[in-house]
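Scrolling down, you'll hit the structures one after another.
After this come two complexes, each holding chain A, first together with chain B and then together with chain C.
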Partner chain A sequence: MLTFDTIAQVLWTSISTSSYLVLFAVAFALVLKVNRIFNFAQAALMTVAFYAANAVVSLAGLSGVLGFVAALGSAALASAALEIFGFRSLRRRNASQMFLFIFTLIVSELVAYLAMLIFGTWPTTIFPSLFWPVSLVGNIAISAWDLPAVGGMLGSLALLFACLRYSQPGRFMIAVADNPDLAELYGIEKNRIYLAAMIVAGLLIGVGMFLYGSRAQVQPTTSIELMLFAIAATIIGGIGNVWGAATTAIVLGIVQNGSVLLIPSEWQGFLLYIFLFLAIVFFPSGVKLPERKRGLARNVASVDLDTRQSTPANTVNPASATED
Partner chain B sequence: MTQTSPFKHGAALLVGAAAVVLTAATLAHAQETLRFGMAMPLSGAQATYGQDQVKAAEWGLAAINEKGGVSGKKLEMILLDTRADPQSGIQAANRLASVEKVPVFVSAWSAVVKAIAPISNDNKVVQLSVGANSADIAKLGEYTYTTFPLADVDITAVANYAAKEMGKKRAAVIYINNETGTVAAQIYRDVFTKGGGQVAAYEAYDPKASDWTGPLLKIRAAQPDIIHIQGLVADTPQVIAQMRQLGLQQPISSYSAVYNPKLIEQLGKAAEGVIATSLAPGVTDSPEVAAYVERWKKEVGREPNGLPYTQYLYDAPYIVAAVYTSLGNKKLPLTGENFRNEMLAIRTFDLPLTGKLTINDDHTVAKPVYLMEVKAGKWVQKAVVD
Partner chain C sequence: MEYVYTLIILIALSVILASSFNLIIGYAGLISIAHPVFYAIGAYASAILARDHGVPVPIAMLLGAVAAMLASIAVALPSLRVSGDYLLIASIGFQLGVLEAIKNVSFTGGAGGLTNIPPFLIQSVGREAYVVLVVAVAVLTVLLTRVIAHGPYWRALSAMRDDELAFGALGRNAVAMKVAVFALGSALAGLAGALYAHYFRFVTPEQFELLQSAAMLTMVVVGGMRTTLGPVIGAVLLQALPQAITFLDLPTALLGPLQGLLFTGLVLIFMFWRPQGLVAAGEFWRPSREASDVGRP
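Moving on to the complex of A and B:
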């Protein structure tokens, strides 16, 4: 059973099907890092993105490219609306983090119900066909969906990396993530950065949901189920560590799929909860790899949700934070 | 001596006359109308299916009344919402039994049917489950009956057919790890083994899974002759797509949830050879069903959600009407107890959209199972298993 072909096939399909999960995890981790919100309403944004693409491609009969644009645009717009009319208004009223979290839960359920009323409960896809042609590389089956999905994921991550590292809004996001009050003292307008982070997350969600909906059937409640994976990857990868969440999403995908070769397949879903349990109990700050002085593993400013008022010892100059 | 005003006398007479007229009208209405209940999800997540099923029942009811009703009396349906939620179902059943005092009501959704059963038993009101398929429904007491074949019927038929008629010796079973999948997968395994075959791979998958490579590779290694999938409408097409992508070209069997035109649309050529079950005749088997589907397209603009289920709901008022007619002929009062006894005495009903139905003493029903196969991009009938 454990032949090279089998292991290689599991590895490849795990990586390709992790593509959208990585994007969901990164979007969740980014909002948690910058906006400091456990944004469960991400499920609502995912639902909006999917049904926008579905309406354009499947219902209106327009091209997939327009469907992709619809997914991106609708998710970004819905993200912005959520920030402006929801989170910003609650922040103004000094709402607690628990209250914000409850608000996001309500939004996710509200949108799921709305989608049920508008689109019904029957599972549907963006494209009429779920079947993607397959090419054999050696004995490894690679579908026509796999390469664009992996490419889309890598491209999105590269753009995010470039945005956070080289663009001014991206560097400001890191600064606000590190210490929002100090960042404001340095002239960074917090609200604009929160909005920018939400829009970036919305775009990532748009790409992820387009990939997911072009391969799998979606119902109004599907996004809520997908959220657990994003939350698990964010917690295990280290809260506030965007790249940790991305890496964890891939590793979790491979472990979950690969585990079936060694243990009964009904244990597959249970594994996620075991990892989540162990991570929360033994690694509450996430599983951290040894730090490197250069490259991607630099010490990124982390978020401590319990201490919103940072002590002078852990405050940093926003200018230096932009190096992270 | 006080003198009563003639005006007061007149008013009292008028009120009295009005009361007599109203009472007479109410009694006349009660005499002319025979009522039964219906508790279905009209709101909530399952409303898409519930509303279509209710519409089908209303069409059935209207057809009966157009043809003169029950011995000249109009049949009336008291409709209540359950939201497919047991608690709401209990409230609806209580109202039907205690307030509306109907002798029989129709319900659906396994969890609701199970929750309602004690109310039916306590009040001696017959609950006709139409569409729920949990095997437990046969064991819910003296006043709950099903008109819909329970879960074991179609799985038994498809497993027997694979082992005995198709001559398959090695089967693989892949199933969703929840109550939809586990019980039915066990039934398939037991029946296929009893039929002389061997289950070479038996793999579950997580209900939240979006990739099935691992279990499918295990199945590929087992080299089965046929693969049975017991999943949900949402994930089964994806499992089949991935199966074909991984080079598994064996015949695939599944159950009634898979039998819909969307599967072919979603899978294209990958759907070829997929065998599903249907518990009701399709458009090619019955001109009545073809006309019924056409009516949906004409009046609603689409086919109903869950076509076979709506067929059973269309037929439900016909069962009620047949029992009421028989009770009327015997001049027996319309009570739950009499309804139950008369229904079992009649036992076999010839229904317009689902054909012959026989209610067994063990609270199950005998119905043929239609095996459908995708051939040249269409569902065609492969066999009928009695």
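Moving on to the complex of A and C:
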């Protein structure tokens, strides 16, 4: 029977398990917004982050904190390498979008095979046990993993918000996302900003993958499936809208976890593919929410946007369609 | 001798897959890596129809190709209506979703695979007859690709791929053309799947996962995209190379990843150092380089 406690429990579990999904979605959306790349190679970065933490904690027997640092450092380094040796080089050659797509896909597969070769195909974890002590708050079971996970997610999002809103590189990212050529005219070095966006995405992926790997078993191809969730959230949230992707990831997580009350658990994973299909068919530009009015400044901005909307939809840069 | 026959059949099937994939990703410029799922749909549909419903194998094979074609239309129509980029995402989701479904339902044999698929020609006429059949289908596929690539349809395809807006302004329906090419390529992959199923008589979902996507992409990119001969050479090369690795007597756990590394590594090497592949189309693949050079001293 569906009681308040059951619903509250499902809701809490959904929010806590959405923590890493939110970070993956935000990382994907950020790179799409700033660098304008559908970065499927994010799966490779996720694999690198997980196995770095796994090697430090599980294989070398070092502490979890060092594992966390290894996940963060390896993902950021791999992100930077991908930008410098991959994307930058392809950008210099004016490679087509198809070329970039294939490149990111192949990189994600290459890293998956490399991980299979080095670490094997068996699922593994960062810590020896996946069981975390549980305490009851009211009638809701909260595990020792839940609070750090939700805290880690909120902290990462707060740092990202602060970075985009108040730091110079963050503001430059918004400028490059809006109009890279104009940004360059104002003296912003595009390549440095692309690199900064990739590193920030790498750090978010590192946090997310450490959280995921400390709660679930991972094998080399797991990240590719996790990536689809990030893509679905990014599309439904509105391409170019980083915070929309985060919100959608939480909603999708709640729906997926809540589905356990209605459908057998082995079909729970299948829901993701339905989300993806529905997102593409019904929400290719994301779910549009009514805009709030926030005084003169916002009104003036919306006038500008309205003027831009008079141009054909296909010519509007998706990355600039949403203001962050 | 049986080993040689099996190798010839595998190469011929790869030629069908690579040529039909080249039609989609090369000539039409549609980005999808889910070709293996249509291969799987053809294999499973044909095998289930012949084994569980008593449909004669040749008809089951054709129905397998039709099933793959219908599935491809179901994926392409909604995603291409929006934008070509969405086809990639939709197709990956479709590939993983279908394979997930195959693993979870009983009539497909689940994750363990489908066994006891009825053979065709091998017992009544002989293995050689089946080899001839598969090679004939491969040759016909290559010829079909050549006809498409050298006829008026090719000009329309090129126009659509290079400037969809101008193509539409001429009164042509780009979405219909994209869906048609995607459906044709997928139907050929479905036929290849059916031919595979009735020879090896055993299929599992694992055979159609991302390793296959990487392999097909490698055949086309390494061989030479938008050429008739390139994917054929790529298919022969990429079927022969893993055979060489199998002679190393490595454990099965190492063999799969090594083959995957070989495929993906080769694609990366070719992407950076010879993007036109072994057989160069002599155009398009790296178009903007020339464009960016325009006006330079």
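As a working rule, the second predicted complex is superposed on the first by the 276 of 324 C-alpha atoms of A that agree within 3 Å, B and C clash if a C-alpha of one lies under 4 Å from a C-alpha of the other, contacts with A are read in each partner's own complex, and residues count from 1 in each chain.
Keep in mind that, in the parts below, contacts are C-beta pairs under 8 Å (C-beta built on N, C-alpha and C of every residue); 3 or more make two chains touch, one makes a residue touch a chain.
None of these values were measured; they are calculated from a predicted model.
Placing chain B and chain C on a common chain A by superposition gives a clash between them. In the superposition on chain A, contact of A:V107 is made with chain C only, not with chain B.
Look at A:E266: by the touch rule set out above, it reaches both chain B and chain C.
Shared-chain residue A:F38: touches chain C; no touch with chain B. With both structures placed on the common chain, the touch criterion links A:L276 to chain C but leaves chain B unconnected. Once the two complexes are overlaid on the shared chain, A:E225 sits against chain B and chain C alike. Contact with both chain B and chain C is seen for A:T121 once the two complexes are overlaid on the shared chain. When the two structures are aligned on the shared chain, A:S89 is found in touch with chain C, with no touch to chain B.
By the touch criterion stated above, A:M98 is placed in contact with chain C alone, chain B being left untouched.
After superposing the two complexes on chain A, the stretch of chain B that clashes with chain C is 39-47, out of 21-29, 39-47, 57-65 or 255-263.
Judged by the document's definition of touching, chain A residues 116, 120-121, 221, 225, 228, 266, 269 lie at the interface with chain B and also at the interface with chain C. Those residues of chain A lying in contact with chain C across their complex are 38, 89, 93-99, 101-103, 105-107, 109-110, 112-114, 116-117, 120-121, 221, 224-225, 228, 231-232, 235, 266-267, 269-270, 272-274, 276-277, 280-281, 284, 314. Residues 45-46, 48-49, 177, 203-211, 213-215, 217-218, 221, 233-235, 237-238, 241, 244-247, 265-270, 305 of chain B touch chain A in their complex. Per the touch definition, chain A reaches chain B in the complex via residues 1, 6, 9-10, 13-14, 17, 116, 120-123, 125, 128-132, 134, 141, 143, 212, 215-217, 219, 221-222, 225-226, 228, 253, 257-261, 264-266, 268-269.
Contacts from chain C toward chain A in the complex involve residues 25, 29, 31, 33, 78-79, 82-83, 85-86, 88-90, 92-94, 96-97, 100-101, 104, 165, 209-210, 213-214, 217, 221, 253-254, 256-258, 260-261, 264-265, 267-268, 271-272, 275, 286-289, 291-292.
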